[in-house]
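Chain naming follows the written order as A, B, C and D, and within any one chain the residues start at number 1.
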Amino acid sequence: MIIVLRANASDGDIRRIEDILQGVGLSAHVSRGVERTIIGAIGDERKLLPDLFEGLPIVEKVLRVLSPYKLVSRDFQKEDTVINVNGKKIGGKTIVLFAGPCSVEGKEMMVEIGKSVAGSGAAFLRGGAFKPRTSPYAFQGLREEGLKFLAETRELTGLPVATELMDSRDIDLVARYADIIQIGARNMQNFRLLTEVGKLGKPVILKRGMSATIQELLMSAEYIASEGNLEIILCERGIRTFETATRNTFDISAFPVLKSLTHLPVIADPSHAAGNVSLVEPLAAAAIAAGADGLMIEVHNCPEKALSDGPQSLRPEAFEGMIARLQKVAEAMGRTL
Amino acid sequence: MIIVLRANASDGDIRRIEDILQGVGLSAHVSRGVERTIIGAIGDERKLLPDLFEGLPIVEKVLRVLSPYKLVSRDFQKEDTVINVNGKKIGGKTIVLFAGPCSVEGKEMMVEIGKSVAGSGAAFLRGGAFKPRTSPYAFQGLREEGLKFLAETRELTGLPVATELMDSRDIDLVARYADIIQIGARNMQNFRLLTEVGKLGKPVILKRGMSATIQELLMSAEYIASEGNLEIILCERGIRTFETATRNTFDISAFPVLKSLTHLPVIADPSHAAGNVSLVEPLAAAAIAAGADGLMIEVHNCPEKALSDGPQSLRPEAFEGMIARLQKVAEAMGRTL
Amino acid sequence: MIIVLRANASDGDIRRIEDILQGVGLSAHVSRGVERTIIGAIGDERKLLPDLFEGLPIVEKVLRVLSPYKLVSRDFQKEDTVINVNGKKIGGKTIVLFAGPCSVEGKEMMVEIGKSVAGSGAAFLRGGAFKPRTSPYAFQGLREEGLKFLAETRELTGLPVATELMDSRDIDLVARYADIIQIGARNMQNFRLLTEVGKLGKPVILKRGMSATIQELLMSAEYIASEGNLEIILCERGIRTFETATRNTFDISAFPVLKSLTHLPVIADPSHAAGNVSLVEPLAAAAIAAGADGLMIEVHNCPEKALSDGPQSLRPEAFEGMIARLQKVAEAMGRTL
Amino acid sequence: MIIVLRANASDGDIRRIEDILQGVGLSAHVSRGVERTIIGAIGDERKLLPDLFEGLPIVEKVLRVLSPYKLVSRDFQKEDTVINVNGKKIGGKTIVLFAGPCSVEGKEMMVEIGKSVAGSGAAFLRGGAFKPRTSPYAFQGLREEGLKFLAETRELTGLPVATELMDSRDIDLVARYADIIQIGARNMQNFRLLTEVGKLGKPVILKRGMSATIQELLMSAEYIASEGNLEIILCERGIRTFETATRNTFDISAFPVLKSLTHLPVIADPSHAAGNVSLVEPLAAAAIAAGADGLMIEVHNCPEKALSDGPQSLRPEAFEGMIARLQKVAEAMGRTL
C-alpha cells in the first residue's frame, strides 16, 4: 500500500502512521519528497482494514497495490475454471445457454417452455420460484410449488435447473431442487447469504448488482470462495447509469475486464439489461463477441400474460431463430454455442 | 396509465392492449392523433404488473399517473408521521441525534462513547453488532455479545438503541435488544427482510440504497408499511455517482423531495456519505438546512483503532463542538436540536 | 403532451394551463379522474418550450408524446441514410474503418501510419490537428501544419480525411483540408459550432458526449440537420458511469437503440471508450455484433512516444491482425468489413 | 508518480519504463516486492503526458502524487482569493447574490426584475443574451440587443452584470457589456474558449459541467489561470446521476471539498440543479450551510411566460421572502448575506 500525505504532514503524523502499520505487522518505507511525503507499507496489505487511512485528515491519497480479493483472482489461478454440472461444462470452449421464463407460473407452462428451449439448444433451465419485486403488491413467486415444477421439467427434459435463492432461511429448500443456485443482483452484497451459499458446495450464479463495480463483484465472489466453493459463475446484467433509453446499461467491457482479472466463467443476461425484447439479440451477439462464456435468456410461451418481465421475454420460436444466428457469431469467435 | 403507441401501430395492436387492460378490470380510452395513438387506462393502474407494456415492441412510452406506493405517500396521509420511542419524538420540531460507533467493539468503548454522546445531546445510541463488510476477511461484528453491550449502555445512559439487522434469521435476536431496527443500504431491496421487519411492529430506520432512486426507497418503505408498520424513518446516506472526490454523493435534494412525497420522517447519515471526517459537519449542517428530521453521526473514542469506518468517525469532543454549531443552524430553520 | 396535475389542483390551475396551451395554438383535453386530473395537449407539442410545465408546482408529471427531434428521426425518413464520400459509402452493407493516430505529430509518422492502415483495409484516415486536452500544459496539436500533413497523406494513400473542429473560428481552415468534419464529445452541445457545421454542407462525425443521453445526441444532430445538412455520422465512444475499471463505459445498447430511432449511420470508437489497448478488439467485435456501421480505431507506429492517447493506440501490425479477426464477425452478421 | 506493474512484468518491461521516465528528466526508484514490482518516478511528474502509463499492458495501476493543477490549488496560495468587482467582494465574509432572469427577453422586464432584486439585496445582475438550448427550434437569446438591455439595467440599478459567453467569436462583444463573464456548464471543457477568457482579464464565473469531476473543474480553472487570470469564481449547479426525481443532483459536498483544494470562491446555482421552484430555497439554504460564497438565483416577473427556465424561476416577491430566511442561515454560519 502506498500512502501519500498532505503537504503539511508533520513528523508526528508520519510516526503515527508507522505505528499503525507496525501494529499489524507491516513495515513502513518513508520517502520525503520536495512536495509530498510518501509512505510505502511493506508486507501483506490485506491485513489492513479497508479505508483505514483514506479518511485521515493528513492523508491525501492511498493506493492499494494488491487486489483485495485473492482466491478468485488470475494471480491465484492462471487457468480458466471450468464447472461441470451433470456433464455440461461452463467456462470451456462451448458457450452455454440458460433459458426459461422469468417466473415459474405453473407446471404446464414450465414443461412447454422447457421442452421448447431444450429443442433449441439450451443447456440449462432457468425460472424463478422466489421473486424479488419492487412492489409488495406484485406476484412474489410460487415458492416450493415452483421449485417442484422446475424439478419435474428437469425430469422431462434432462436440463439441469438454475434458480434464485433470496433468503438464507430457504437455503435447504432451494438446494433440494436446484442444480445451480442463483444469487440475484439485489443480493450481491447480502454477505450472510453469500457465506451460506459458499458452505453449500453447489455451483452458484452470482449476478452483478445494478450499481456494483467489477471489484465489488469479485469481492462478493471471494465471500463464496473463502468458504471453499470456487464453482462460481459471474453474470453481467446491466448497470445503472444516467441513460434512460434502456432499463440498464449493459456493461460490455465487463467481459474482457473480468476475464483478465479472474479465472471464473462469466455469462451475460441481456434480457434484464435491455428490458425490451428487441434488444435481446443484439446484446446477446455483442456479449459473445466480447468473450462471454454463456447467455441467460428469458423465454415465455405467452409474454403478454407473463406474471413478470413479459416485455423482455422471447417467444420460443423467436428464441430458436436467434440461436441459429448467434451460432454464426460464436463460430466467428472460434467457439460453439 | 397513459400508453403511447409507435407510429406503425395497427388496429389489432390497439385491440390487444385494450384486451389486456380489460383483463384486469380497467377500461381503455383510445385517442388517435395525427402522429401517434394514445391509450389511457382508466381505473386502478396499480393492478397492472410493473413493466407490462414498457417492453412491447408496439409501445413507445408509458406514463404511470399514480405513484406505485400508497400507504407511505402524502396523498394517503397529509400530516407528518411522528414516531415516539420511549418518549422521544422523531419527525417533530426537534431534530434528533443518533450517535455512536460504527461497530460495537467492546463493552468499555460502548459505555465510554455512550456516556459522552448522551452528555452532548444525542437522543439515541447507534452501533453495529452485525456488520456488512465488502471483504470476507474483515471484522464482521460481535453479534449477540455486541447487542448485549448496546443494551448495557442503554441501561447506563437512558439512550434507546438503534442497530442493524442483516439477516432474517437474526430477527428475534436483534429485536430482543434493539429499540429501533436499522435496515442497511445494501439490504434496502432485501424484500423478504422488509416483510419480516414490517410484521415486527418496532420502529425501523430504512437506509437508502447506494444506487436506489427516491421512488425505490419509497417502494421499500411500502413493503414495511403493507405489513401494518408505519413507524419508518427514511435515511439518506449518499448515492453512487461518477464523482470520486467523495465516497458517495450526498443527495441533499432528497430531503425536500421526500418531505413532499411522504409523511415519514427523513434523517441524514453524513458520516457514510462523506467517508471523511472533515466533511461530516458541513454535510450535517446542509442536511438541517434542507429539512432533515435527524442526524446519524459516527463517534468513536479512538478512530485510528476503530475496527470499521474509523476515518469518518468523530472523536467525542469534536462531536460536542459540532453539535453546538449545528444548534445555531437548527434555530435558523425554526427548529431545535 | 400529457400533463398530470397534483391531487390538489384547482379549477383555476387547470384554466391557467389551458390558457398557456391556447396561447401557442394547442387545444387542451381535460380528464378529471378520481385521483388525478390529466390534461392532453392536442396539436404540435414541439411549439411548446422545453420544461415549460415540468417545474410548475401544480404539475406532477409531463409526458412528451413526440420526440423533440424530427429531421433525424426514423419517422421522418424510413430508409437508412447512406453517405457517399469520394465513392466510399457510410451506412451501407460494408462496415467502414476510420484509422490513424490520435494526434498528428509530424509528416513522416502520418505518412507511415496512413500507408499502413490503407494496406490493412481502412477506408478513412483519422488524426487530430486541434486537440482538446484537460491540461493546459499538454500538447494542443499542430493546427494548420497538422492539417497539411493529413492532406499530404491523403494524396499518397487515397484515404479521405476525418479531423476534429474545436472552435468556430477555425471552420474555414479545417474545411479546406478535411473530407469529414469531426465534432468531439466535449463539443456535442456546443450549439453554435453545430449550427456552423450544419451550414457547411460537409459530412460530419458527431461524437456522443461523455454524459449525453441518446436523446440529447439526436437533438444535437437535429441542430446540424436543421441547417440543411443530413450527412451526419453518429459515434458512440463510451459514457461516464460509476465504474472505474474502464475509462468510460462503452454503451453497446446505443447501436440497436439509435438504429431504431434514427436513419443516420452509427459508428463506434472503442479506443476512447476503453482507454486501454487490450480492450479495443473485444469492444470493436461487440460493436459489429450489435449493429455498428463503422469503427474508428487509433493506430500509432510508436505508442510509447505518442503525444496523446498512446496507451489506447494499436501498432499497425496489431491493427492488421485485428481486422482479419473482425472480418469474420462482420460476415457472421451478414456484412463486410 | 507511483507505477504498479503486473505480476508478470519482466526486467525488459521495467527498463522500458525507466527509459520513458528518464526521457523527460525524471528518475526511477524500483522496488521489487514479493507479489508486485513498483516504480516511483522522482521529479516533476507534471512533465509526464496524462495517461501515458495507464494503458500499457504491463502496468496495473498508476497513482499520481501531485494534483495536475497548480495555480488554482491551495498548495500554491494558502489564503482565499477575494475578487473585487466595482467595490463588491466575492469570496469574503459576505455571501453574494447574483439574481435575474434566465434569458434577457426585453428591456422592460430586465429593468423591472433588476430594480426588484436590487431592492431585495442582490449584489449582481444575471441574465443570458446568448442561450445554449438543446433544441434548435427554441429561443436562442436576444444577443447584442440583450447585452444592451443588461447594460441599461446596470445604469439604473448599479448592479454589475454577469452574462454568458458561448462562442469565442463573441468575446469582444460580450466583454464590452459584461462585468463578469460566465462560462456555462456545457462549455466547461471548451478549452479554446477558456484560453481566450483567460487572456481577457475580467472576472469569470466557471460553471461545473453536468458530468465533470471536481478535478476536471479545477483543471478547467487552471486553463484560465495559466493565461494570467486568477479572478475565477467556481459554480456548482448539479451533476448528472441515475436519480430522476430532480433534474440534476446538487453536489453539496462540492463546497467543502473545493474550499479545501482551491483558494478560489465557490458559489451555488440551486435553480439549475433543481429544475423546480419549490427546491430552490432548501438547496440555497443547504449551500450556505455547506460553505458557499454566493448564490445565483433565477428570478422572473412572469415565470409562466418566460422564454426559458420559467419553472425554476422565483417571482420577485418570493425571492425577497427567501432572502430574509436565508439571512438567518448565513448568520448561523457566522457570515452575512
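Criterion: a residue touches a chain if its C-beta (ideal position, glycine included) is under 8 Å from a C-beta of that chain, and two chains touch if they have at least 3 such contacts.
In this text, all values refer to a predicted model and were calculated from it rather than measured experimentally.
Chain pairs A-D and A-B differ in how many C-beta pairs they share in contact, with the greater number at A-B. Relative to chain D, the most remote chain by averaged C-alpha coordinates is A. Chain geometry summary: the mean Cα position of chain B and that of chain D are 31 Å apart.
Mean C-alpha positions place chain A and chain B at a centre distance of 26 Å. Look at where the CA atoms of chain A average out and do the same for chain D: the two points lie 39 Å apart. Residue positions 211, 240-242, 244, 278 of chain D are each in touch with at least two other chains.
Those residues of chain D that touch chain C in the complex are listed here as 16, 20, 46, 49-57, 68, 132-140, 166-169, 186-187, 189-195, 210-211, 216, 219-220, 222-223, 226, 240, 275-278, 304, 307-312. Looking at the complex, you find that chain A touches chain C at residues 211, 213-215, 239, 241-246, 249-257, 260, 273-274, 278-279, 282-283, 285-291, 328-329, 331-333. The residues of chain D lying in touch with chain A in their complex are 2, 4, 7, 29, 31, 33, 35-36, 38, 40, 42, 61, 63, 65-66, 75, 211, 240-242, 244.
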